[in-house]
Amino acid sequence: MVNSSLLTVNDLRFERDDIPVINGACLTLNVGEILQIEGPNGSGKTTLLRILTTALQPSGGEILYRGQILSECRFDYLSNILFLGHQSALKLTLTAEENLSWTTSELPGSVSIMEALEQVGLRGYSDVPCHKLSEGQQRRVALARLLVTNAEVWFLDEPFSALDKQGVQFVEQCMERHIKGGGAVMLTTHQPIGMEPVRRYSLVGSSVGGGF
Amino acid sequence: MPESNRGFSAYFRRDLLLAYRRRGEVASPIIFFVMVATLIPLGITPEADSLKELAPGTIWVMALLATLLSAEGLFVSDYKDGSLEQLLISPNMLVMPIFGKVTAHWITTGLPLTLASPLIGLMLSLPSVAYLPMMAGLALGTGCLSFLAAIGAALTVSLQKGSLLLTLIVMPLYMPIIIFGSAVMQYSIDGMAWSGPLAILGAMLAVAIALCPLAIAAVLRLITIN
Amino acid sequence: MNFQFQDLNEMLLMGGHGVYVWAAVLVSLGTLIWLVVSPILQHKQTLKEIGLNLTREELRNQSGNKDI
Amino acid sequence: MNWTWFYRMGSPLWFYQSTSRWLPLLSLVTLVLLVAGLAWGLGFAPEDAKQGNSFRIIYLHVPASFLALAGYFLMATAGAIGLIWKMKLSYIVMKCAAPIGAALTFLALFTGAVWGKPTWGSYWVWDARITSMLILLFLYFGVLALQYAFHNQEAGNKASAVLALVGTVNIPIIYKSVDWWFTLHQPSTIKLTSAPSMHPDMFQPLLVMILAFYFFYALALILAVRVEILKRESKTTWVRELVEQASRQKIGAK
């Protein structure tokens, strides 16, 4: 029975110095779906993403990937996820192509680096050191990583920041193609998304941080 | 390529490439090494036979300080631009990329120091019999220094003023290395067989290679992302 | 097992080594006493501080605006 | 085998209450042992043939060195328990053990230096044991500095726990290499009177003093841990009751 829910999280708790940041979050992420995590600043959005990508250890609760506890299927879970944080994770002295080659060495994908850079609109820039690119262009190199790997689940943290209108459109197309191809996206953003199957999950209820 | 090997070679090549792109910076530990070597004759005595007495210990102290100087950048640059976060969630074992990074750090600092050490030997009028043992000892010793400094670098990666703390933490762990390192040279100067202390240095390097990456992986998982 | 010194004065001198022995004893006792007294003082201080916080919190609650 | 006793033992509330019962007795025993040991060592033990009365410093130097080393291993074990079972109480024990251990190591160094003056004529002698003790002090400073370097308390605990463990692995290596280095350079000078080969009349007070220092270490650690528990658990109800109770007694006593 193919478990359609890629990711299920029940009663997730996280405390930092005894101050509960995430208190009993429960959510599921199904195939072909975009889940938008809402909440004011400091409500634990990024922390939630970091826990789901196993960068942080939760204080309680469990995370299931295709019905299996994460710790049991850690290798193939991590081979199937991609995380895009606030920082673009680029080494500025290296060229765009070199930066992308680290991702492909870890998570081999179908699309070649050159094609990915073209689709991101950086056709001739593959051998330019990243410190010569503008902030927006660096962001696009980071976004090119979405195309290069065939990871199933995308975790995007504020993907639209420092992007122009065209960039935002590009990201939305990528997400569209990704969920049609059987993937899933979980993202945190403040801008409204002009796309359909978007479910929203608000963290305000579960964390103490809110309440102005 | 077998699974774990890919993690090692990916980050080993990447860090070498990073160092190559900033070739100027690779020279700084060597310049520091030579500069401090000139302080000793100025500060203590220029005449040869007492310099000969000081040479083994001085060379090792300078090698140690030069490694510490360059150790801080090991993880801080990755932490700041987010690639450390990507490393933490990569499917392969965390130990191999760390092993790759520290080996790359050794090649960019330990190896040049070892190759530059005859120059210092000359300046401190080191007897010619001690040159080979010095380089052998430095080659193994700077390896241990890099691995231990990497633990300190991982512990202080998320701190702003981490470098002073890094020195404070790692210095006590350097004591055995400096003892046996200078003993290798002292034995050779006294005409005794210097393979004994060298073997101990080799053993320390073996233990460091086996245990330090594990400790560093644990530290990076536990502490950085907070 | 009998007392090694004829009188108190000789014990202070200790055959010339008294200065060192008593210096060591005084510093040791000083350190030990400090290691016991400082937590006791902190204990009282912390209790007082928590008490103050409690009263401050009650004041805030009574005045109605729930602080962040 | 149910582990509940282990977790119950780890709750700060249980620790606080059970130590409140035992503290008076523990401090009495420590006081008695300390006074008896010191009086016996300084007053009644026979003079050393070679060193005269200055050897009496052994009754402070050796116990302090014992506890300095034992304290480091206790700190590392508490850190390890904290890392493995994520017990807050063991992190607190580690945090409080560090300053006490550092103070005892300094004490061992100071008494060793003062002892060196009449014996070898200079305050600082690179004797193997004293040098290893100095390195141990540096290890303590490393752990202390790391503990207070982090804003986030949890990260500080984990970092210093790992450093304490790394230090524990290195201590035997450091001690052995310092001993080897010491015999290389100064084989001739006499070592500090090693404990077992001493005359029984001298050795018995030393045992009493070592025991007294162990009790003292427990007392100082428990006191420090209780303060830290109050600070960490200040939001809990049982601490609030405790505070109200204390303020009522004060008003009553005034």
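To keep things simple, chains are lettered A, B, C and D as they appear, and every chain counts its residues starting from 1.
Operating definition for what follows: contacts are C-beta pairs under 8 Å (C-beta built on N, C-alpha and C of every residue); 3 or more make two chains touch, one makes a residue touch a chain.
According to UniProt, the chain labels map to these proteins: B = Heme exporter protein B; D = Heme exporter protein C.
All values reported here derive from a predicted model rather than from experimental measurement.
A.B. asks: Quick check on the contact network: minimum steps from chain B (Heme exporter protein B) to chain C?
C.D. replies: Contact-graph shortest path, chain B (Heme exporter protein B) to chain C, evaluates to 2.
A.B. asks: Strictly by the touch rule at the top, which chains does chain A share as contacts with chain B (Heme exporter protein B)?
C.D. replies: The shared contacts of chain A and chain B (Heme exporter protein B), listed by label, come to D.
A.B. asks: Decide which interface, B-D or C-D, involves more C-beta pairs in contact, and give its chain pair.
C.D. replies: C-D
A.B. asks: If you average the CA atoms of chain C and of chain D (Heme exporter protein C), how many Å lie between those two points?
C.D. replies: Comparing mean C-alpha positions, chain D (Heme exporter protein C) is 16 Å from chain C.
A.B. asks: Averaging only over C-alpha atoms, locate the centres of chain B (Heme exporter protein B) and chain D (Heme exporter protein C) and give their separation in whole Å.
C.D. replies: About 33 Å, centre to centre.
A.B. asks: Indicate the whole-number Å distance between the mean C-alpha point of chain A and the mean C-alpha point of chain D (Heme exporter protein C).
C.D. replies: Result: the chain centres lie 49 Å from each other.
A.B. asks: Measure off the straight-line distance from the CA centroid of chain A to the CA centroid of chain C, and report it in whole Å.
C.D. replies: That pair's centroid distance is 54 Å.
A.B. asks: Scan chain D (Heme exporter protein C) for residues touching two or more other chains and write them down.
C.D. replies: 152, 154
A.B. asks: Which residues does chain A have that touch at least 2 chains other than itself?
C.D. replies: 16
A.B. asks: Mark out which residues of chain C touch at least two other chains, giving numbers and ranges.
C.D. replies: Answer for chain C, listing residues that touch two or more other chains: there are none.
A.B. asks: Show me the residue ranges of chain B (Heme exporter protein B) that touch chain D (Heme exporter protein C) in the complex, using the header's touch definition.
C.D. replies: Residues 151, 155-156, 158-159, 162, 165, 168-169, 171-173, 175-176, 179-180, 183, 204, 211, 215, 218-219, 222-223, 226 of chain B (Heme exporter protein B) touch chain D (Heme exporter protein C) in their complex.
A.B. asks: Where on chain B (Heme exporter protein B) is chain A touching in the complex?
C.D. replies: The touching residues are 6-7, 10-11, 14, 17-18, 21-22, 77, 80-83, 85-86, 88-92, 225-226.
A.B. asks: Could you list, by residue number, the parts of chain C that touch chain D (Heme exporter protein C) in their complex?
C.D. replies: So the residues of chain C in touch with chain D (Heme exporter protein C) come to 1-5, 11, 14-18, 20-21, 23-25, 27-28, 31-32, 34-36, 39-40, 42-43, 46-47, 50-51, 53-54.
A.B. asks: Write out the stretch or stretches of chain A touching chain D (Heme exporter protein C) in their complex.
C.D. replies: Touch list, chain A to chain D (Heme exporter protein C): 16-18.
A.B. asks: Can you tell me which positions in chain D (Heme exporter protein C) touch chain B (Heme exporter protein B) when the two form their complex?
C.D. replies: 83, 135, 138-139, 141-142, 145-146, 149-150, 152, 154-155, 158-159, 162-163, 165-167, 169-170, 173-174, 177-178, 180-181, 184
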